[in-house]
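Quick one: the structure is below, and I'll ask about it shortly.
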Amino acid sequence: MKIDNRHIDKIVLAAFEEDIGTGDITTNTTIPEGRLASGKFIAKEAGVICGMDVVARTFFLADDKIRFEAFVKDGDRVEKGDVIAEINGPAAGILVGERTALNLLQRMSGIATRTAEAVEKIKRTKAKIADTRKTMPMLRVFDKFAVRVGGGSNHRFNLADGILIKDNHIAASGSITAAVNAAKQGAPHTLKVEVEVETFEQLNEALEAGADIIMLDNMTNEMMKKAVEITAGRAKLEASGNMGEKDLREVAETGVDIISIGALTHSVKALDISLKLKMQL
Amino acid sequence: MKIDNRHIDKIVLAAFEEDIGTGDITTNTTIPEGRLASGKFIAKEAGVICGMDVVARTFFLADDKIRFEAFVKDGDRVEKGDVIAEINGPAAGILVGERTALNLLQRMSGIATRTAEAVEKIKRTKAKIADTRKTMPMLRVFDKFAVRVGGGSNHRFNLADGILIKDNHIAASGSITAAVNAAKQGAPHTLKVEVEVETFEQLNEALEAGADIIMLDNMTNEMMKKAVEITAGRAKLEASGNMGEKDLREVAETGVDIISIGALTHSVKALDISLKLKMQL
Amino acid sequence: MKIDNRHIDKIVLAAFEEDIGTGDITTNTTIPEGRLASGKFIAKEAGVICGMDVVARTFFLADDKIRFEAFVKDGDRVEKGDVIAEINGPAAGILVGERTALNLLQRMSGIATRTAEAVEKIKRTKAKIADTRKTMPMLRVFDKFAVRVGGGSNHRFNLADGILIKDNHIAASGSITAAVNAAKQGAPHTLKVEVEVETFEQLNEALEAGADIIMLDNMTNEMMKKAVEITAGRAKLEASGNMGEKDLREVAETGVDIISIGALTHSVKALDISLKLKMQL
Amino acid sequence: MKIDNRHIDKIVLAAFEEDIGTGDITTNTTIPEGRLASGKFIAKEAGVICGMDVVARTFFLADDKIRFEAFVKDGDRVEKGDVIAEINGPAAGILVGERTALNLLQRMSGIATRTAEAVEKIKRTKAKIADTRKTMPMLRVFDKFAVRVGGGSNHRFNLADGILIKDNHIAASGSITAAVNAAKQGAPHTLKVEVEVETFEQLNEALEAGADIIMLDNMTNEMMKKAVEITAGRAKLEASGNMGEKDLREVAETGVDIISIGALTHSVKALDISLKLKMQL
Amino acid sequence: MKIDNRHIDKIVLAAFEEDIGTGDITTNTTIPEGRLASGKFIAKEAGVICGMDVVARTFFLADDKIRFEAFVKDGDRVEKGDVIAEINGPAAGILVGERTALNLLQRMSGIATRTAEAVEKIKRTKAKIADTRKTMPMLRVFDKFAVRVGGGSNHRFNLADGILIKDNHIAASGSITAAVNAAKQGAPHTLKVEVEVETFEQLNEALEAGADIIMLDNMTNEMMKKAVEITAGRAKLEASGNMGEKDLREVAETGVDIISIGALTHSVKALDISLKLKMQL
Amino acid sequence: MKIDNRHIDKIVLAAFEEDIGTGDITTNTTIPEGRLASGKFIAKEAGVICGMDVVARTFFLADDKIRFEAFVKDGDRVEKGDVIAEINGPAAGILVGERTALNLLQRMSGIATRTAEAVEKIKRTKAKIADTRKTMPMLRVFDKFAVRVGGGSNHRFNLADGILIKDNHIAASGSITAAVNAAKQGAPHTLKVEVEVETFEQLNEALEAGADIIMLDNMTNEMMKKAVEITAGRAKLEASGNMGEKDLREVAETGVDIISIGALTHSVKALDISLKLKMQL
């Protein structure tokens, strides 16, 4: 499981343009040319690491003479105080890449950590934890990668690669049946059709219309249990609606297949990781 | 206080490319052409709103026939249940812009809300709350705007428009004095020189070297009080180091001029805002 | 069914950069400023028109004072000699947009025409005509739109929004079963799983592994008939392999659900359409 | 004769963005990391190969550990069944680059093959086969390269690097003489002036005005023969107008210097070439 | 004679990105929102104006509520103190566009002025003043436009739209004859062939090889006079080599057709023009 | 002191796109593939060299097999006739990069040379020579680098990284005091506040308002002398206004700290440097 360099480079180079601008004036004026440095990345709290390839590539793009060695890999759990990587090379390049690398690493590790906590809570149920499109603009590839690294699953990447018929689509089409038929007719046959429902009546209509996945929107656990019975395996069921604040184990035990959580990516607490550098004098 | 459309457009169009891809397949197949819709943006929790211009522009870029009317302006405080804006126009365009608009609005309002809380805590002290470069890659203009909207101040935007001499620069230069002189010599005369210090000895050296701003890194409140006395107005003092977890009032009462808080932007809790749409049948 | 202006603009502006370069030197030196012109688009052969919105937008981007009126809409069948649109406005802008507009219109109409022929051949069977990824680089949105306009269906848009397990994936995974399981485990749950098979043994394994769609690769019509019987509705069946040279009606009558044809887009015969202009003197 | 990597990279990377999107989900989930593969490119029909450098660069850009060895070079004629290249390296990279490489190779070889057929037909006459601006948007550099590889000549690349005065320019200027003078006066002296004529009267006026090249538009072979006599070497003569459907030898034997054929690039039949891969187990 | 907005926008928006960056901090903090201003553009020295459309478009791009009225048009001669344009509208937008507008206007007017001086010097000879490729990177469209506005002619725009065979090409080809033949064979037939010569022997060889234009490199006026005689109208002759420092009238009187001067664009003295603003209080 | 490759590449690749376009048609048709060449860069007049890294990178980007060896480094003074660098490698790549390399090198050396002359004139005074924002659009990083190489200092890079309150800002704010307060309140605390004044009254107000830098606009030397006395070290003083035409030594001797000169970059005389190539036969 990796992110293509094409995606990393696009984000990191844009981040450099933003963060470095016309040049790091402090480093340019105070660090003698050719000065080397080395440093350690240290976890300041426990969590699941994600983004090591991104960090490695960030420093490579800052200066290809920098050497970066990772001691953990994406998905590994670390404890407070663990040294997770070492770096050495030209000091100027390291200083220039530091903030971009840490900003990305801390966010991705924060997402992976929270996802792993959610996955842990529902272990030994058949449910999967999934993400949503509530990601940071331009960072969706990274955000969704971090969810997978944390043990979660990805929902559709964007509006083009998944069909999700919501209340408004139903209202505009006339009925669930009409909307499902329209989607099956007009969309590529390679995509499943998902329908959002709020009542059992809607659930039944969606099942009869041949929906592949049904999103149970803001249902109580009791309702979801009943929805599982009604569905009887005819479609995948997805629990949705402020799942970030629910007891996930109880949700999973209703028998749903997927629990999608917007907060995994819309309200991220960065995992605290620092880079402790030493100049080579 | 506004964000240039140039910046908004760059971010929103990149977000559209990411979120819409080759087209919203659900909307394209289920929403009849020309169908209109209207809707309300509702605050699901109390907070400070930020990003109304961004939302307005997002929908304009999605479809310039959409009408968006804001009932609050950036910086306004809202309560749970408040209707903060109305929208109406072509349903397809609204659905296509919805996720991008909400993702940005919720993040920016989350930042403004947390900043306002921090500003409130230190009111009637002379200190200012400031941000850092711990922002989301590519979103720095938005993140720092939200800090200002919340009543905070901005630290340097990037490595090119502010001088901040840290431990590594000092080590490489040989001394604080050498580093400050090098920066004054080589950098544009329009920039102030800031130095990060950890001890009183360093503080004294920085003051004598003529630093304009001194960052007190991870000092206790006691130490900061003493630093204020030593400095006696000769430079601005900035408190720094996990300020997100400190009692900000106590920090402010040490007499420092600026308190910079990375968590304002690196660990954002989105403000819960929803868009409730109605198709016009 | 429309193409977003975002996609049209990207392609048309790139085409302008290529075709106009630093300026149309002939027009700039010989056409007096402000000179107006008008013209007619005429079908020089019969076919299905596709790309009227693209043409309209192309001239708008060349000069927003140009007026373009379409007499047919995408999907309409025209005969040799039909006037399909009129244009009038600044002569320079029309001349500058002409080649780009015609190049796109002729290709898209060529694709729609050939697709419509294929669809006509299999009418009243349950099969659908579908496209492939054998499109012109950068023009896939246009090429696939033209297939839909011609009455066909779209296969996956790219490698990210559809799962198609081919012989190499099977070989690398160890078995069809292993590959299907890996895809179901690792890919978004919103995507169907398609497997390419060459034998009945593979077909059976794919069905048991729970494939949603099965591509019958280079099978004879006899084999496909038998595959339809074996499958008995448990999956969608897609006929593939030089379908551009087969008798499509016979293929459709085997009972397959989809017939995908690379030649629809990899070997396009442009529909002959001309623009006859008249200077306003 | 080569295409700059600058041009190849621009097109191939755009094609990757289109075809790979956020990642090849099938390959990512079913191909174990590090798995190697090897394969052969095989001509499925006879023709002239064009695009070997493009293919080599495409795989290099997909994964720089891929080794690609070409057994033919651009311009070589191959027969059905010929192995034209071998590839080996990481399977994932090969699968990711495969479609883009084949789409480009098959189009370019299709153009070169058709051009070579045209050139063959007129051999031992003094005429040259030339292309037009009827190319695929964004692919003009490739399309025109393929024409040269097939033995043809290039007409102007775009509206900025060639002067071609057509009926509309003449109408707007007042006369052929006026238009030619205006072009000679206003355009760089490094460009020749070409004029399109439909009658002998126009031909005579163009010659007297000092046109360097004269395009004979939709003239019969008889008329062209007479035009050659009238011109008597005072200008180059170019035959134009549905040349794709004419007997080229007869056209060439009229004595014209250039025969330009839009169909070489606007209606391309892809040359059938396949890549047969084998996983290394 | 105009520059396409496509070219202006590309340059002006890049200039804005460079000059405005993340926002005009002075204007944003000191100019009250909605404040209007008006101003006059005043020539501080005599010269030929060039760039009025560029200035108009620059302010339109800065804020489309700004009104700009030009009192002169490109090519007009102005005297010291002349008011050449007026502007009024939102003060913030005017201040933000001011520097970019003036930087471009002053450079373009400087080029036009110097070109006009050169043209004036050679008036009533048959020679034309031409530019070179010694322009500022990215500004070639503007630089060459200014030369035309000043009454000069353009040499080739770039390496793709003109053939100029220099000493190195000759050395590599083996002879002038070989080089001219190679160019005539391989290049589009729409381009003239120019050859640089230093001796009469080379001149004769170039004439016999059929060169369309011959560049006389660093010849004395005496030599050029003889070259004109030798050539006797068989090719255009271009005087070249530090022409910026020669007596242009004497050069023109040798009978050459073109005098190309690198200094027109490589060493530009900006024409002094100021914008005098008044806030509307 | 170096320019990041990120900045060089952006400018050089854009210059290539402009100057090479679809390919160097002369070189492609006349230089045999694989032909090597070598050459020397020779100063044709005395001056200060600037841009050697830019030249080296330009040829690397043209063809990475080119070897470039510099005999001088940026800031070195050369005399007429000095060989400043040698180059060898593939002839085609050298010819393709030549014009871009020379255009940039000659401009940057021209700026460095003129800056060095200004610095020389004021030596042993305490004043510094500074640049302005009167640079060529898109080339500001290069222009300002050349000023530093010539021994000058940089003023703010753009409108975002320096505060300069001019007459219009003062008028809009109501007073110098109001404007300075607004800037101090709203701008990052890392930026100094500069105010432009024309009278002693304004100077006094600016000093009392706490301006860090005061620009003396178009004052006579007498006035500046008095301004120095009044200021008495409370702020830095910057002399401004047609300084390119003043006796800089006399200005410096008034005691001002900075002399900013627009002409350093708005009216550049290129330093004459040539590349003399030899084909390897």
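All chains are identified by letter, namely A, B, C, D, E and F, in their written order; residue positions are counted from 1 within each chain.
Please note the rule applied: a contact is a pair of C-beta atoms (placed from the backbone, for glycine too) under 8 Å apart; a residue touches a chain by one contact, two chains touch by 3 or more.
Remember, it's a predicted structure, so these values are computed and weren't measured experimentally.
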{"item": "Reference chain B; chain at largest CA-centroid distance", "value": "D"}
{"item": "Comparison of C-E and A-B by number of C-beta pairs in contact, larger one", "value": "A-B"}
{"item": "Chain whose average C-alpha position is farthest from chain A's own", "value": "E"}
{"item": "Chain D and chain E, separation of their C-alpha mean positions in angstrom", "value": "33"}
{"item": "Centre-of-Cα separation between chain D and chain A, whole angstrom", "value": "45"}
{"item": "Where chain C and chain D are represented by their mean Cα positions, the distance between them in whole Å", "value": "22"}
{"item": "Per-residue overlap in chain B, given as positions that touch at least 2 other chains", "value": "1, 20-23, 28, 140, 157, 160-164, 186-188, 191"}
{"item": "Every chain pair in contact, whichever chains are involved", "value": "A-B, A-C, A-D, A-F, B-C, B-E, B-F, C-D, C-E, D-E, D-F, E-F"}
{"item": "Of chain F, residues touching chain E in the complex", "value": "11-12, 14-15, 18-32, 35, 37, 91, 95-96, 99-100, 102-104, 106-107, 110, 133-140, 157-166, 168-173, 179, 182-183, 185-188, 191, 263, 266-270, 277-279, 281"}
{"item": "Chain F residues within the chain D interface of the complex", "value": "13, 16-17, 20-23, 28, 33"}
{"item": "Residues of chain F that touch chain A when the two form their complex", "value": "1-4, 6-7, 140-141, 157, 161"}
{"item": "Chain B to chain F touching residues, read off their complex", "value": "1, 128, 130, 148, 153-157, 160-164, 186-192, 194, 212-213, 236, 257-258"}
